[in-house]
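Quick notes on the structure that follows.
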């Protein structure tokens, strides 16, 4: 194996030799540079492979003397990995910058080569002064590269950078020389032995060394100069700084932290946390893409610092966690910076232009999801491990801090992404494609997936993840150029086969949900045949959501569960944001989902604590702060069921989604939250639940959610929003039922789960199909459509009868069970609220059917056709389900009851044929249905007999006080129908929750806007920040 | 003796920082930086002093025996040499920047280069 | 106001530096590291009369390589940073005395510079010092003859050759198994003579050439851009 | 005035109004009645002709009474349950409200007011009818389900009364819709109205109140008369 | 189920139908007498009914319009089927219809059946006043149901059952056992909320004669109207029977049933004669005041 010292030979020799290359032969120079970097990469890569395969770490001595007398380098596993990474990104960065470097000439090419070489040595060196020298090389090279594409801003940024790094390196130098004075050595290992931190002066010297490294890492808040560089420099250089330099610096910090001793761990973690949160909060107000990425980079480094601070607690997992986060950051941030250079839009709102080339959007999405920590990227697994370990060791405040910071990061990154997906892009000039720029971006994106996969394989739980659905999604993604018909068929067949394979392995409870997810998925996909063309991007994301859903069901471990949960969130986010005006709703959906997922993460961490297992069964026996753990789990799941307070995202998200997406995200997706709640409640012990207050609170929450969801639905003018609010209300019922923690309550809840799936899918599909035909969501713009779409009308009618709980259709089963349960449980007031909500539900349902299908047909709808056959097929299949359930409720309720009996054996329904008995009464579904149907038919026969042939009249043939209607619009009662109710109940419609969330976000944004003014752009101020940072850390850590 | 040099060094460091943080003219800031650097070099050199030692150049025979007790420390001297050169490189680059900045806005006031902020 | 604030900050900084000053008490003896360097068997291993040079070029040779690189970097950056073409301009003519003196002095200065770096391992001085002296000769020329055509191709070639040789010598040690930057790749010679200390005089010579060339390049660049302002 | 004179007078009136319209040079069509083009959601353009698209406009058909005893029973029921739609066109409307007071109390005869023509079977036209009002009367009459009965209350309604030569008042209601009971007077007192109800009951019970079918039978004649006098005819031919 | 039971049920239905008409006529009669008139003959509703059936013209705005009255009447008849009428001590006795002991929840929800059908039918009629009437009706219904449900729940808690039959059974043996006396809060809430459920003035804004013509039925004529009249009369009686069963001890004979329903019905009629019509928001807020408080009290009293 070639000695790693030859990195120097190659790098420096190459750089010096470039002087021989004639100035005209720019291509040759650039190629030599790339070759040199590639050679370094091969060298380090071969070492990495060797080290992974068990070779021992190699010490490199210079000058023929052993350390500490001469400078030595170390090539261990960490170094191998990091230098390979640096060379890899250096190569890609070189390719990306190819044209710029060529233009700037041989000198710039030399600088770039030396920059990469310097980073290699920084990582490997074990001598602190040598470290200083090569840090200087790196920072001077950076100062040179900043002005590679010479703009006024770049020059300013470069000068600030020089000034700041000059002062910082001066501080480092003072620290080093005093460290030498106190220890008599310059070798890092020697200094580690010397424990100079124990001395009075030595501690100051150590502090100066550490602080200057922290400052080099651009720690918040003394990082204005760094941000300016990120913003001002060429995006390719930003990528290098963010990916390569940060990687190297981070390793330096690691080396020096070992030297500084364990008492520094805490401080590093603290500074990291401040940096992580501060930087991410300030980024909230950021509109410039590159500066935003700069903030994000600093935040990520803060997170990495926290990990470093906890290296003793994480133990052997430290590299796993740190590398997971580091590599995600490294690839993703480089990719994003490069994209920024390709797109060439500073304002994030203008990034909508990226949509003109959809594959770029995919790349951007990959990077952003990797940064936030979504599966299947390494950061997901790393974050999981981190949180698990931290919770396990009782470091809850840290976990909260980390997740809060991540949340803030999600806010601005997804806002940005939202602009990219949905922003207005007509007037923005399209960007050009240059292959040398795209290649690196594509490679890092692929690298992210690959590293993600291997990261997962690294742990036992991760290796158990079922990747088949994901590969299926990937296949569909690759086949995205095919027309809808083909893809739809493939998707349906795939899902059907998967369901067929999986269902024998599931227990009953899981089977119920899996059936809803998969069969529901297939049915809603059938509606997809109605679409023409390619429908770019729809199938991968839809299947991603279903992959996540099925992963939740199949999960054997909490990791798998969370993996599936996040996949599902990602898929559904993309599905939701496909809608026309979905940008803000997609964002709020994502943020609530991310917040909920973090609550889940902590909850699962608490479950892990003290149990030392990741099996799903651990949530049955949580011993560490169980009240909090179950509470957090429930809160996490409630974000998906959109309980009051966490529902902000739902109306818009469901309302604005595409016609066949709404049923997916409403009828199907929401059940994932219910599934989670069910799991949690089972975990709490079923009947022998020992945490009584949680279900009690949950019950009230459910009741109030049901009430306010339904009330809000009444006042909607938008048909799909109405249904969306209705979903909130219906999920409130389910939550209330589950919270009762009795057999009947659960039976009611489960019957609602099945029912809500059936009728909400019918309603959303039908209304969605109608919307496709009439091209508007506003109910007052429709009307009289029964004449044009009788089949749709029948579907909606049956749907609303089922939803309202009017006998004899299936909704009544749920209601009946509910009131019996309420009486048994004694939650009378909740029950009354529920009943009142039912009455309110009736209002919006009538409004829905009346304003859309009844009343006056509008001029422009006189020729609309019946809704598409492809929508009718699933709708009528679902209707058949409703009818079967209505006439033979025992077919559904009996198996459900048997299933629930395993957790709640008491108070079961007793069945006598088709009659169900509770201690409060009994109900014969079939008999009631038959009675009503017979009565109906008899009355109908009477009417037919007693009337003559009816003359069919048209819509204006109505009595109108001797006059006649002028326009359908003025005759159709549809707008603000329930004005009277509003006058009476407006007080309950004040959007307190929304106002509260708005206040929170406004507060955060205002804070960010005020605080970020410390970066006033003046280089001197930045120096003051640096000095202040040093002083403050000194007074805090050493304490005067 | 060593106290005098090291104290002087620290004072020059502070003076340099004062200039960096308060002067408006970029050239003066660079001069301040040079001062700051020089202060550090003085501090470094003063670390090398051993009471009664001579320069570590073994050009006299008596130095060849029991060398360790007769010379001052060569290491900080070597370090300061490196540091000086680095400082020189940085200063040169800063000056180049200063020229570029001046050609951009025809001003050397650091306050006028605040295009990037927040 | 700002000045007061800065003053307070500096007072605080001083109070932070005070423990360093307070615990500093000079050295009574050499550090372990230097003692090792001063041991006679180690002195003879390097065989350089000037211990500082031994430390700079051999023990801490990697630093020196870095140092050279930094100068090189600075020169390269300034080269592509200030690459504007110089215009013809009229400057005040220098006096004949000055010009003649310069012409006379420059060869002497150059020679002194060469002497300093060739004897770097014997006497105080070395490549950097020598290079700087050479550069001072160049600046004298530049001042005396502002319109002089500066042959930077030559200087750049010199720079590159010196750099490559330096790195090559360093790597050669590693390749033949002695160690990177080991000066023992050349015969160590007799202690105290010009041809002693192995590769040190060679390395230092090239460092001197390189530093001289680099500094000259930088100075020339500054001069050529001046015209604009 | 003989019927012939009457007709000539009507024709004279019509000619006058026609001339007016001609002189003004334009035919007045309300904007909402104009044929219009709208853009359908799928982008195609569809033409909407309100009069044909929004109204059935089919001709009325004669509706045969049921047979024998059933019809007799139904006629009795109709006679005993007269649901009145009052059409207060002029001074006569002031004579109707007293009927619900204790003094006259029409409820005891099975007569009651009904707010919508769909549910009424007796139509009281009380007072003079202007040309403009006639349209509303026709529409309302046609919207009532058969069997339906018309009571013309007061001289003005029956023969124009004091407005016999007014340019804007029609002077023979039964040229335009069939009238079952004429209650003469200017104005008739409520007692006369009650007497009219009694007369109507008699007619119904005798099966002689089949004017709705008569209207259907002579539809063309009635319609022609109506259109003659109503120049801006902007209704379908028959209002269902 | 035997033929006899079916016969008894249909007989009961016939009685209820007629009793409903008679009550309707009496209501009008009382109104007339209060105004000093003679008023309609007591058989007027029957005549009206037959006249309406005999109307020759039938129009239809569409299938749903046609089915609206069918839903309405089915709703009335169904409610009758699910309600135990006369207490005979046998849960499957002759006058218990197909009530299966009369499940309160079924009855509460089945009330909506007719309302829904009517709403849909009237909606297809396309008349603006129909829609307005329905909107008002639904809003008021929800408001009325809140105190009613609280009271019903209170009674259900009291007797630990949702079975109307069992509630009636428990009230047997003297008027002191009536819910009216054993559960005064619930009874008070019901007696007040009942006014809304009956739909007479001041809560008659659904039909609101002469304001929005007659609300949902504006477009209906002839036979449809006859069916709706029948449904209305049955529903009125059934509402009264429900309150009778829940609060006033049920009935052990038809005579008792007729007397009690008459009194219950006339409570709402008398109030209606005195008070003018509320606006919708007034109506809703009224139910949110006293009746709601009484309902909550009833729950609180019986849940602790």
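Think of it as A, B, C, D and E in the order they're written, each chain with its own count starting at 1.
Just so it is clear, contacts are C-beta pairs under 8 Å (C-beta built on N, C-alpha and C of every residue); 3 or more make two chains touch, one makes a residue touch a chain.
Keep in mind it's a predicted model, so treat the numbers as computed, not measured.
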Inquiry  = So if I look at the partners of chain A and the partners of chain E, which chains show up in both lists?
reply    = D
Query = Which chain is the middle one, judged by CA centres?
reply = A
Remark   = Taking each chain's centre as the mean of its CA atoms, the one lying farthest from the centre of chain D is chain C
Note = Separation of the C-alpha centres, chain B versus chain C, in whole Å, is 15
Ask   = CA centre of chain C versus CA centre of chain E: separation in Å?
value = 106
Note = When centres are defined as mean Cα positions, the distance from chain A to chain C in whole Å is 55
Inquiry  = Using Cα averages as centroids, what's the distance between chain C and chain D in whole Å?
reply    = 117
Note = Two or more other chains are touched by the chain E residues 56-59, 213, 218-219, 222
Remark   = Within chain C, the set of residues that touch 2 or more other chains is 6, 9-10, 13, 17, 20, 24, 31, 33, 37, 59-60, 63, 66-67, 70, 73-74, 77, 81
Message = Multi-chain contacts only, two chains or more: what residues does chain A have there?
response = 129, 133, 136, 140, 143-144, 147, 174, 178, 180-181, 186, 948, 951-953, 955-957, 959, 1024, 1027
Ask   = Got a list of which chains touch which?
value = A-B, A-C, A-D, A-E, B-C, D-E
Note = The chain A residues in contact with chain C across the complex are 3, 5-6, 8-9, 12-13, 15-20, 60-65, 68-71, 104-105, 107-108, 110-111, 114, 118, 121, 125, 127, 129-130, 133-134, 136-137, 140-141, 143-144, 147, 150, 174, 178, 180-182, 184-186, 199-205, 1024, 1027-1028, 1030-1031, 1034-1035, 1040
Task = Please give the residue numbers of chain A that touch chain D in the complex, ascending.
result = 773-776, 859-864, 948, 951-957, 959, 962-968
Message = Please output the residues of chain D touching chain A within their complex, sorted ascending.
response = 30, 32, 36, 38-42, 44, 46, 48, 50, 53-56, 58, 63, 87, 116-118, 135-137, 139-140, 143, 235, 239-240
Request  = Report the residues of chain B in contact with chain A in the complex, numbered from low to high.
outcome  = 13, 17, 20-22, 26, 29, 33, 36-37, 40, 43-44, 47, 75-76, 79, 82-83, 86, 89-90, 93-94, 97-98, 100-101, 104-105, 110-111, 113-118
Request  = Using the touch rule from the top, collect the residues of chain A that touch chain B in their complex.
outcome  = 129, 133, 136, 140, 143-144, 147, 152-153, 155-160, 162-163, 166-167, 169-170, 173-174, 176-178, 180-181, 186, 224, 227-228, 231-232, 285, 291, 1012-1013, 1015-1020, 1023-1024, 1027
